[in-house]
Amino acid sequence: MLSVFWGKQKYVTIKPREPSSGPVADGLWTRCPSCSSLLYTKELTKNLSVCDRCSHHFRMSAWDRVLHLLDADSFQEIDQDLEGGNPLGFSGYEQKLAKSREKTGLTEACLTGEGRLSGHQLVFGAIDFGFIGGTMGTVVGEKVCRAFEYALTKRLPVVMVSAGGGGARMHEGILSLMQMAKTSQAVERHSQAGLLYICVLTDPTMGGIYASFASLADIILAEPQALIGFAGPRVVEETIRQKLPSGFQRAEFALNNGMVDAIIERKELRKVLARLLLYHDRGGRQLC
Amino acid sequence: MLNGVFEWEKPLIELEKKIEELRRFTKEEGIDFSAEIATLESRAENLRHDIYSRLTPWQKVMIARHPRRPTCLDYIELIFDDFFELHGDRTIRDDPAMVGGIALLEGRPVTVIGPQKGKDTKDNIARNFGLPHPEGYRKALRLMRQAEKFRRPIISLIDVVGAYPGIEAEQRGQGVVIAENIRQMSFLKVPIICVVTGEGGSGGALAIGVGDRILMLENAWYSVCSPEMCAQILWKDTKKAEEAAESLCLTAQDLLAWKVIDEIIPEPPGGAHRNHETVAMTLKEALLRHLQELEAQGADELVAKRIDRYRQIGVVW
Amino acid sequence: MLSVFWGKQKYVTIKPREPSSGPVADGLWTRCPSCSSLLYTKELTKNLSVCDRCSHHFRMSAWDRVLHLLDADSFQEIDQDLEGGNPLGFSGYEQKLAKSREKTGLTEACLTGEGRLSGHQLVFGAIDFGFIGGTMGTVVGEKVCRAFEYALTKRLPVVMVSAGGGGARMHEGILSLMQMAKTSQAVERHSQAGLLYICVLTDPTMGGIYASFASLADIILAEPQALIGFAGPRVVEETIRQKLPSGFQRAEFALNNGMVDAIIERKELRKVLARLLLYHDRGGRQLC
Amino acid sequence: MLNGVFEWEKPLIELEKKIEELRRFTKEEGIDFSAEIATLESRAENLRHDIYSRLTPWQKVMIARHPRRPTCLDYIELIFDDFFELHGDRTIRDDPAMVGGIALLEGRPVTVIGPQKGKDTKDNIARNFGLPHPEGYRKALRLMRQAEKFRRPIISLIDVVGAYPGIEAEQRGQGVVIAENIRQMSFLKVPIICVVTGEGGSGGALAIGVGDRILMLENAWYSVCSPEMCAQILWKDTKKAEEAAESLCLTAQDLLAWKVIDEIIPEPPGGAHRNHETVAMTLKEALLRHLQELEAQGADELVAKRIDRYRQIGVVW
């Protein structure tokens, strides 16, 4: 029944550019916002964008996540041509989209595809913070949805790396909000088939992304110090009119509050994911 | 807004006052003003139509927030024959910002849930201005699951600017509970009718807003977040809320065009707060009509159609 | 499969005595423990054992619950001959049982049967605090279980009035504990058939009774000021070594903490139960 | 008990020390004591058998509480090839008094849960002396439901004197969460093996103790409550705990006779704390054996038999 939607799309179609890579900083040197060390950008990139002095985890682009986590040359992007417009006619939105496309080389804030992680076939998705703060508009919602539907059809596990700053994308109004329902339902249909979904919460995972598909994983991992929550810290501070406790909405806070299964350092992430995929490979084979 | 009267309706209010005065004169002094009254009444009629058919999005937001606008418990009182409130999330707290229970709609049992704003300052503080904590959403989910067990339809009356953004709410997983509600509500095997009666803001509204029919009152608003928050996030200036309200396409008319909602429930001229009974009866009629349609469907068909409804949003525009 | 157990019982069989009635006090006058008023016992009984000065709810015997809540002459007791022994050979237990039987006229702490409430056919059960504190041993567990199984067979709703002070009955050791599993399972099997179960928590509902069938009702009502909890207040006080807040573990505390649907005064209880039964009668008829 | 040595084993410990000394003499001084050593060893053997085959219930309670007795994480470390701990109840807190996660048992994935006592004072404070709050039980339930989704067997390692009796624990519904765990565990469609490894006290143990096989270590105890609490409730005197231990029939041998448990896992002479590896390997063998039997059954058969098992308790004795 759902397959009728696969062909039915009025998106403008463009080709994605060559993948960009490297951490947020462009220069030769990058200053660590946590310990203020001046880091040689090339070294930082080699170190998975983690400060080797204080272990601060810099944000990573969606393509860098693919390069870091998936087996070399195993990733096949899906739905790369999906591109949205400006449904509400929100002033300035088209320019914003154009700038983000140029900056990131992505058509939208979400990158999805099929690949392998330590030999385990899976569907992989990553949100790119560089694209309008990694917010979820209709195309991101649609791509997340299709990734889970693709995984359901091929009976594959899903690993998502989420980093959506503002959560839902304001510029698409109610249509953005509805993506929370759409993606949550896609996750649940995948889950009802007994398939595994692991989500890695990276800095930042907030609002509409946190309150939908990112929270509904079987296993939820988080990177150290990642900001995780529903309401933004500034909104909370203005509402309660008092200073926020230190560490508020950080991954460690979420772990203590029971919202996260484990905090994993980036350099361990690939190994941990491989272990978890292995556990579920065997279980699936033996009993299904 | 002064004494519940908006700036833009002042000419009308003054006209109405004048008509009232002339009527009193006619009665008390015996002077006949009927011709003048007729003229003024026709002018008022035109003015009323003029004002209320051309409300700006921001004006609607204001009407949706009117302190005398009917609350969830008002609608429950006016629409249903009987109501028994059920409390608690069985986990941590009973959240007074969310109410729910079993009610009789023309004699048939339904489960009703909805955020509850206060009637006055004291009540508002007790009810946290109608901003639910995670336990409020958890209570709503518990009652919806109970409804599913007993095959009762669910009616969700939505009037909430957003889920409460506080320290404890974040600690107790506001994001997780909203996702969980959305997920579970999507697959409940009973008819669900959601009505945006006032404000419909963000995940805090959607957490009780996944259904088979989404109705919306004429002057309600529903969007990804409140105009204030949108202005704050995009332009770092809450004073640009009016501009944000324009940009967000948050009116019932907009949402009907997007097929995000199914029907607009008309309000009496001037807004629901002018006449609680009329709007409640209009809503009751709509609820009965949609319920009848939904109950003709099997549970599996219901769920499949519900999922498809959301699956479509954003695919075609 | 479960029916094999119905005939298989090695309980000693005795006939129950005539029902006793009246509140806990025997004399002509009863002092209210809450406001210290001296109340004429006959008047107190007529007032459903509620103090007319301060509204204190006295404990009620299981038979008085039947007389209060069910339609006159509608109650048919079931399993009244079930009686347990002293499986562990716990010293002094037989004498304790004998004394409780004499005092209450019951064979055990639980009374179950079929009856009508405002015309609604149902299975009704009540725990009697006067019988070893209304604790749950194997016979109480068995009777609760059979009540739910009986209701399942006849597709009837269940209303239970729980008052078990110590929760599980020490004197039957592990066998008492296992009744928590047995009764919880019986409740769930009844529930899976789409049938209604309402539990009224009365003073006191603690330990093993609270942590099993009493907590698993579709709708949980409580009498005002009833003590409700898992660990006894003295145990909590000794563990944390500080004074307990006033109102701790009272019905109002449970309501605020989200554990109870509503607190209902005894004089309203019959009416409220009738309303709730009505809601579920109609739903059942219209849709099942 | 002094330095982890019980009063009643002192004669044996002294004898063992003497043998050790004679051995050293033989080695260091070259004097041959082999005949004396043989005599003493045979005497020690007899004494050991004498003491440990006739332990009183109270002595077993003491052994079950030995500070060096293996904890949940010790067994996990010794029995499984790999273990990934999962945290949190997704509601309010991660309870360190309850651990759980996915482990490999001879290469096959299982879900393991269990209360965790501390290894020293600091650890004990962090882990609340292994007394779980409601969120601990909720975490365990979450992991068990996850196991059900992925058809993983569940292994519950029970060592808990009871659910924590504190103000917040009561506020957050200790009773409700225990009932909910019992109810849901009863109907999970995967094999569940419960092992009482140390203490099994009250609803706090049963909340993770409903299963298809209930195993119990030789010196573990399991009852409606701790001997101390029984003495307190019945005789208002915790000093009568030893008497209560006698009355409660709480040993593995008693429970096997009642058919409440299925098998006793033997401990090395002197108790599990004397040799973690041996007891862990014995337990591992039993787990594998029972798992093989259970996995031959269909999910519905499994649940039906599980329910019948509890249905029988107390019907016939």
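Residue numbering begins at 1 within each chain, and the chains themselves are lettered A, B, C and D in the order written.
Rule of thumb we're sticking to: a contact is a pair of C-beta atoms (placed from the backbone, for glycine too) under 8 Å apart; a residue touches a chain by one contact, two chains touch by 3 or more.
Nothing here was measured: the structure is a model prediction, and the numbers come from that model.
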Label of the chain whose CA centroid is most distant from the centroid of subunit A: C
Rounded Å distance between subunit B and subunit C, as computed from the means of their C-alpha atoms: 42
Rounded Å distance, subunit C centre to subunit D centre (Cα mean): 33
CA centroid of subunit A to CA centroid of subunit C, Å: 52
Two or more partner chains touched - positions in subunit C: 257-259
Contacts with 2+ other chains: residues of subunit B: 90-92, 171-173, 176, 180
Chains grouped in pairs wherever the two touch, ordered by label: A-B, A-D, B-C, B-D, C-D
Residue numbers on subunit B that touch subunit A, as the complex places them: 162-167, 169-176, 178-180, 182-183, 186-187, 202-203, 206-207, 210, 222-225, 229-230, 232-234, 247-250, 254-255, 258, 260, 304, 307-308, 310-317
Complex contact set, residues of subunit B against subunit C: 82, 84-95, 102, 104, 107-109, 135, 139, 146, 149-152
In the complex, subunit C residues that touch subunit B: 191, 194, 196, 218-219, 255-262, 272, 275-276, 279-280, 282-284, 286-288
Complex interface listing, subunit A residues touching subunit B: 1-2, 5, 8-10, 84-85, 87-88, 90-91, 137-139, 141-142, 145, 166, 168-182, 184-185, 187-189, 206-208, 210-216, 228-232, 234-236, 239-240, 244-245, 248-249, 253, 257-259
Complex interface listing, subunit B residues touching subunit D: 90-92, 134, 171-173, 176, 180
